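First subunit A sits with subunit B, and in the next complex the same chain sits with subunit C.
Here is the complex of A and B:
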């Protein structure tokens, strides 16, 4: 078991550091993520950029693009360890929970970095006006945490199976759907300039769903990791 | 499953089917359309029960590593999916009669459809794993994770988003029971019949899976 809070934080930080250095050298997941989101953005922009989109349509397009690119890249965090056979040394050196926390936070950083490039381009290439910017940024951050918190454990599951990529999409999309619906609803409210109160139902789901998923994942991760 | 239970099931299920047609409809505003209540609601609730069985068996597998729990978990998911599809189809028929369209992405319809997709993915995961023990432990983890979404999808989402689906028919907003008289009697007998039928199918299916596995090992 983990001995102390500071020991846990240090171990998790070491996992994050290792992943960031390795990602910076190889760009294993990031290249796939950024290219996927750019290509889908281009397709959407060419196809419908001429029309005046309503708030619900542009919110749906935004989240579909973000979720699809996440699914194309986020499974890499565990698949890479399995493919390069570094998983055994990780199992020897670190506690399961620190690995999970490290991978979760690393994926979060990766997604937020991706969005910091993708979302400005989205506003440039598509005719979208954002009425309530603070609500919009809050929804982006909450949606990203939810997206990563739900899919990290699924990435660990599919890394153990054959046909990894296809299975990751099949397993994560249904579980992500409630989150996707809430994120689209809240983003639509923010585009049309609604207040926080108008988006409160969606925000409740956006906060509670990831919390429960992450708590369940921390209980279950050990069984996958030591499999 | 005791032998006599099958006869009890036969008698009471027939009684429910007959009573559902001759007694006054459960809700006066909707009229005869609301008779589907006696079959649609038990099917939906039994699917939740089946997914609960999958959760229980998955936890039991992770604790004990006995393969029989894995087969039980798989059987309960399969049956839960069956009851879920029955509830969806009967709900769509009700929607056509009461709201005018089979499908309109009402929060109830959305959430039960997502539930079918989540547990369908469980079966996809099982078929993607070859090694028996690995399949058992990974699908057990996924089944527990999937059940975490069930309270959200069945009980929370349809209540925080505006829905056309009749709410507060069984349990009122204050937590009190709403069913009265004959409606309550027929409904609860129907619930018990559905539960017995589920348990019967479940024990059969788990036994069949174990026998198939034994035969495969002999070959």
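Here is the complex of A and C:
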């Protein structure tokens, strides 16, 4: 039961603000995300050396790194609340949907911030050319929203289990596979200079996937949260 | 606001192990309920069930406001809880915590109002300190501030005097008397000093006991 739009928005904004301040002071998720992405980027860059990468391989490397970074950091949104036991205060005083909306938007901000550091480094360290930058940026934003929309609800599911990390990765991978395939396909098109029309099938999936996941999550979240 | 809690035949088991069963009671407006029992007898579990944080294995809990039944999703609007299980955000300052929970509850936040609350609970001048620098007694006082933010008609206290010094105990005494005038007070305790706050008393014996009421 949501009080009002303004009450809902103010409460969700409070969750985002709290998570940003908390993350800035503790760097609970950000350190895991940035370290994982930088380490994998460095290892891949050394392994490749001076070889030229094809567009499909470059796109696959990029999304493998983004996926594993997300898996290593995004589960923290709910795991931290569970481990510090602040989750009880949230369950007691907050409407469940405000928590989900707040965590979803915070995770989006966190991933886009990470990518703003990681992607320029990717182009510096790897021999990759981007033929259609606007398409590439659109794919990154849509792919990130899909990734975050899915991992946020999975994080809420695994937060109460004893094997959070392993379960999070195991559950995330099969659910995210269609999104990753489309994101890699559209990124490959952007690297090889293809048009929006050439990537239209992948773009349709990248747009519809997060919509389906987020709508389904809003229905599921209250049950997950209260159990 | 006339409030009433009805517990009908409630029981709780974890993994087949019965904590308590067949508990039925009614707590009316301006009444206090004391729940006592040995460690592990299920006092905190019963408090969590009454708050809606846990579901009973058997039976049902109802809240009535002005003789109208409140649906489960709306119960959180009417309750406050102070408990060792409640943890607040150590990395945030006291004022940031108050602001966050005020907004979650849909309350209007002002810094001056928050500072007045801190003063009332003996935490004057600590508003800009992060909670991790608070002693356990100060944290317990701070939990009262959050639990009472929306002046809830139903207040649950689990071990209300734990970690508190004499001054803190006096503050809690005032809180309990005020709550008994304004609504319902439910206390889980083993401290005899808390018995004066309730005319109704449930003693839990652990295992598969029914408890005495």
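As a convention for this text, the second predicted complex is superposed on the first by the 226 of 227 C-alpha atoms of A that agree within 3 Å, B and C clash if a C-alpha of one lies under 4 Å from a C-alpha of the other, contacts with A are read in each partner's own complex, and residues count from 1 in each chain.
As a convention for this text, contacts are C-beta pairs under 8 Å (C-beta built on N, C-alpha and C of every residue); 3 or more make two chains touch, one makes a residue touch a chain.
If you're wondering where the values come from, they're calculated on a predicted model, not measured in any experiment.
In the superposition on chain A, A:85 contacts subunit C only, with no contact to subunit B. Applying the stated contact rule after C-alpha superposition, one finds that A:199 touches neither subunit B nor subunit C.
In the superposition on chain A, A:14 makes contact with subunit C only, not with subunit B.
Touch criterion met: A:171 reaches subunit B, while subunit C stays clear of it. By the touch criterion defined above, A:224 lies against subunit B but remains apart from subunit C after alignment on the C-alpha atoms of chain A.
Of the two partner chains placed by superposition, A:71 touches none, neither subunit B nor subunit C. Using the contact criterion defined above for the overlaid structures, shared-chain residue A:62 touches neither subunit B nor subunit C, since it reaches no partner.
In the superposed pair of complexes, A:161 makes contact with subunit B only, with no contact to subunit C. For the contact definition in use here, the subunit B contact set and the subunit C contact set of subunit A share no residue. Those residues of subunit C whose C-beta lies close enough to touch subunit A in the complex are 51, 53, 71, 73-74, 76, 79, 81, 85-92, 96, 99-101, 103-106, 146.
Contact residues on subunit A toward subunit C in their complex (touch as defined above): 1, 3, 7, 10-11, 13-15, 17-18, 21-22, 25-26, 84-86, 88-94, 98. Residues of subunit B touching subunit A in their complex: 62, 110-111, 114, 117-118, 120-121, 124-125, 128-130, 134, 137-138, 140-142, 144-146, 148-149, 152-153, 156-157, 160-161. Every residue of subunit A that touches subunit B in the complex is listed here, in rising order: 153-154, 157, 160-163, 167, 170-171, 173-175, 177-178, 181, 201, 204-205, 209, 212-213, 216-217, 220, 223-224, 227.
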